[in-house]
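The following pair of complexes shares a single chain, chain A, combined with chain B in the former and chain C in the latter.
Moving on to the complex of A and B:
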């Protein structure tokens, strides 16, 4: 077993390409759980903890924001990032406990790609792009094409997630997660809602109610049409919006909850977001 | 290991700090999982993946070939008795022909490293023929269902029949209530170190347990050794709540140590812990209350069915507790109760804080609320109208001769101010918490009540005495007992007792082990009463010896002597000798056994004085509910508890707050989810315990009416806090949403769908 404590992206990429059984570890908050449960026996480990480029964020020339994959949640919870992306801050705040938020990263959330990952609906609703880099170059994949199933994504084994680019949007945004405990809980349903004022359009992404994060495109189109009328949303329209939102969900029944409850929870979250963002009569 | 505590005036009634508190907070306390010996091996257990299967063959040869593996043991390697059990010895050390629950031990290995152990377990080949599991408790009562154990599918059936069975109340309310399976979820996982003696036959086990002597008896039987060859030393215990009453890794670790001749350490992971200990009994309870129009209970009919899982554990005793508490803290002269504890292929269930009374209480308190509605009374009024007092007869015919301040508990709880309404939209104050699902406009508030009665000590003729020794030497009191300190604070109390009685300012707590008589279990809210009584007796006897000595030396009648602060004082003269001086150069020692008054069995009609004593408590819950999402935030628990006498206010509050958190867990989140005999959530990822954000504000009042039967006037206080808080929270949820809920834990879908 080799442990590479990478100091740069390049060093990490070389280790990924050259070691026989490389496994990236950022905060380790997912990986160590797998190790403890015996679901994963680490072969070689490539640690990203000291790769400074991954642990920072910056503004691109076009105004969009790049967030490094190794930035811990606690940095997203407050300060400048939180002001630009309140939904991301809210999602970050709801992850685990302070200890987990000090270690856990968006890169790890994307790497694990659980439908219940709290960062993912936000990336979906904000139309983020995921940066994947290997020794043969970098590609950018829209989040909607990145996640392909439960714990499945399009990243190749020689690729490193360097970060995400999120376009700036102006307008209401929010993230909400339903769990049976008031903190430190895995989502049984979650939603991220974004109102883009420049185009007067909305985006709604759901977590934990389907094998992947889903965007509620029908519900979005419907509400965009309602908003275009520039009159307060009626309760009838609100009902239609929340039903369309729920129709995007494909929930299952498991030991955490039931399919019926998950679908119901989506309707409530959708309704409440619309009420918080807009004038409803 | 002994601990010396020097501090002045650690007397009874004051908030003396725990001697182990600082070390625990700093992470320096030595828990049993920290045990270590040079040259030690690690042990691990192979468990059945099936809830019910026949074992066709076990092949250990590949495991034995792994480098670093010292031995592999199966059922045939058990030298003594093949089974153990607290009440009935029906649980195999290792399954031999058949496994009866998922997680049942099949083999154990010892190896040089935990990782080697894991590989060895993977290399053991067990061929199973999978059988249909029996998982529906109701089917266990069907005679035509084949028994899954030679002892049959019913652990115990007991009826209570009292008074006039024909009474039909003008008002009748009924309901069927379900209680889910709760786990004790102590944080300090099962761990032990077994050290073989040089003689090649004896063994010393360092273990986190609730009752050293009972463990020793069962271990010695299985090892085929006399008890003297098995010594137990209490390891640092990180919580117990009933889950350490049964044998888990005790026998396995001793067997491995004796076989290899080397110290063996065993330690469960959180996942294994869920399979390695018993849980709270899931129960289905039907009750019908008959009452007059003005709400006075005339008769109760009830049927209780407890799922005991695969082996007996304490099921028969849990059942008796459940049915004898059918009435709760209310007067009831006529009753018909039918109780069953049955065997299924679900995980074994046994002791957990509240021991059967938790289940009964959820049912009787839900019934009291229905009765209140039916009689158009308020929940407080219906309870006060029926409240029991000292002298009333229970449905077992036993007179209530404990102090019984039920009405005071209710009234003093009702007098506690209500919390303010939440107007802020800070999500952390609202249901849904950090998930930010609600704003204050989405929330409805509810208030609910729960009142309970709980027996103290063991029942039905059991003599669960306790032993303690006090030795006074050079002003230091050396205390020896086998009382398990599991976090409840007996070590603190022991210091307080010795300080108060003997006037010493230095106390030495000797190692807690089996080299003294039994202390009984740290269960049933009994150690303050029982071990407190034993230590109180021992210290008083030593004080008498000291007075004899001082009296003789100073020609004063010992009857005139008393302890004042740290001196022996002549109450009728001027003599004043410091205890340190008076006890210089001598060793005054006494060992004292405290027995509670005897109890009796129940007859076939469930009549008999089966319990020793009782304690009471009232809880009022204020809960904010998000009715659309079914999420809950418990805002405040007000409680007044009948404690007899407060010996350490800080410890007492600790028990009350902790018990309330545990009862809250059962009310709204804690449940082992089982699907056809399989545990679906054996981890803290999915078995949810309340966090700081879920814990309510607790406003507690102590009702201090000293109990004449109790040696220190103090009743046990460990269990009552977790009992009626659960129905109080559920009642508050019902109040908030105006909907009936008849199961715990309450899940979001139970509220909003």
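Moving on to the complex of A and C:
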């Protein structure tokens, strides 16, 4: 048993490949809860905390943005990233508390892959790609193919999530979640809505209402059709949109909420975002 | 279980950690291995903030940091905010305003508020509330804590 404080992606990848029972840790805000409560006994730990390359973001030549997996939420809350991706900033601001946002990362959110992870609907709605790197090379997986179930994803045990690439979009975007209070709450239902002005099309992704994050493709297609008519959106059309959105959800009843309430919450979120995006009053 | 030998930098000084289990949190190591009892532990799941310390200038929950991964980081606990035997302005304000009842939440709040004021000496009311939203106090109802923050803001304004 050992702890490797990796200084570079390469060092982390070698440790992942060579140690018998490696477990990656970035901010530790998910993993340490498991450790403190005895649910996980760390074998070998590979810490990414000191890997500078993962804790930054940059603009690619094609205008898309790469966000390193180790960038804490705090950096997404305001500043340049928040101006480019308001939905990501809104999601980041809803995560836990300032202490959690100073430590927690998108890589950890992707690694845990909880359906209630606040970063994930944003990555889904913004058509992000997840970068996975191992000693044998790098592959990029669209988020829609990355998450396969509750706390399940396609990353192999020798792979490291180095970050995500998000294409730039111009137009309204928003993220909101429903929970029992304002701070420090896990979503009962969440949604990310994006209006891509260049194609005049919308994207809606839901969290916490199915085993994976879901895209509401039927609702999206419907609203795209409404937008194509270039007439003001009617309340009837909004109602149809929100019902189609809710039909994409496959919620369960658990200690946090009931399936019915989750479905109801989705209709409210979907309608509210469409109203905000298109100034329907 | 295995033991590891490593060093942490706490309040500016190097401390050796010996014979520890590799899964120990920074909270546990600070208290049980190094004797920094100012840092409190309650929930050990990031919810209460009583274990808040500064790590490389960020306020974090020490219960959520694997201690051995904090090698090389600058850690500041409540003991490190003022010279031995003295109080910093936030601590002074807590005493003056009676913002302490049982005191269990106090060190975490002092660290969080000191961190806030070091980065923003004139925070808005909503920013103050936001910045201590990760610190739970079961006794005071927060009123006197906000009074103490106001005093510290005023004192810093005068001394600037």
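Simple rule for what comes next: the second predicted complex is superposed on the first by the 279 of 281 C-alpha atoms of A that agree within 3 Å, B and C clash if a C-alpha of one lies under 4 Å from a C-alpha of the other, contacts with A are read in each partner's own complex, and residues count from 1 in each chain.
Keep in mind that, in the parts below, contacts are C-beta pairs under 8 Å (C-beta built on N, C-alpha and C of every residue); 3 or more make two chains touch, one makes a residue touch a chain.
Since this is a predicted model, take the numbers as computed values, not measurements.
Visitor: Contact-wise, after the overlay, does A:258 reach chain B, chain C, both or neither (first, second, both, neither)?
Guide: The answer is first: A:258 touches chain B but not chain C.
Visitor: Going by the contact rule set out at the top, does A:183 touch chain B (first), chain C (second), both, or neither?
Guide: both
Visitor: Who does A:42 touch here: chain B (first), chain C (second), both, or neither?
Guide: Only chain C is touched by A:42; chain B is not.
Visitor: Please indicate which partner A:269 is in contact with in the superposed arrangement: first for chain B, second for chain C, both, or neither.
Guide: Only chain B is touched by A:269; chain C is not.
Visitor: When the two structures are overlaid on chain A, which partner does A:150 contact: first (chain B), second (chain C), both, or neither?
Guide: neither
Visitor: Looking at the overlay, does A:170 come into contact with chain B only (first), chain C only (second), both, or neither?
Guide: neither
Visitor: Let me test your reading of the model: by the given contact rule, A:135 touches which partner, first (chain B), second (chain C), both or neither?
Guide: Neither partner.
Visitor: Just chain B (first), just chain C (second), both, or neither: which does A:17 touch?
Guide: After superposition on chain A, A:17 lies in contact with neither partner.
Visitor: Determine where on chain A the residues touched by chain B overlap those touched by chain C, and list them.
Guide: 33, 36-37, 182-184.
Visitor: Could you pull out which chain A residues touch chain B in their complex?
Guide: 33, 36-38, 90, 93-94, 174-188, 190, 254-258, 260-261, 264-265, 268-269, 272, 276
Visitor: Any idea which chain A residues touch chain C in the complex?
Guide: 1-3, 5, 25, 27-29, 31-33, 35-37, 41-42, 45, 47, 49-50, 72, 74, 96-100, 102-103, 182-184
Visitor: Within the complex, which stretch of chain B touches chain A?
Guide: It comes out as residues 118, 269, 271, 428, 431-439, 442, 628-631, 633, 668-669, 673, 675, 680-681, 683, 685-686, 688, 690-694, 747-749, 752-753.
Visitor: Can you name the residues of chain C that touch chain A in the complex?
Guide: Those in contact with chain A are residues 1-2, 4, 22-23, 25, 44-47, 49, 52, 58-61, 63-66, 68-69, 71-73, 112, 130-131, 133-135.
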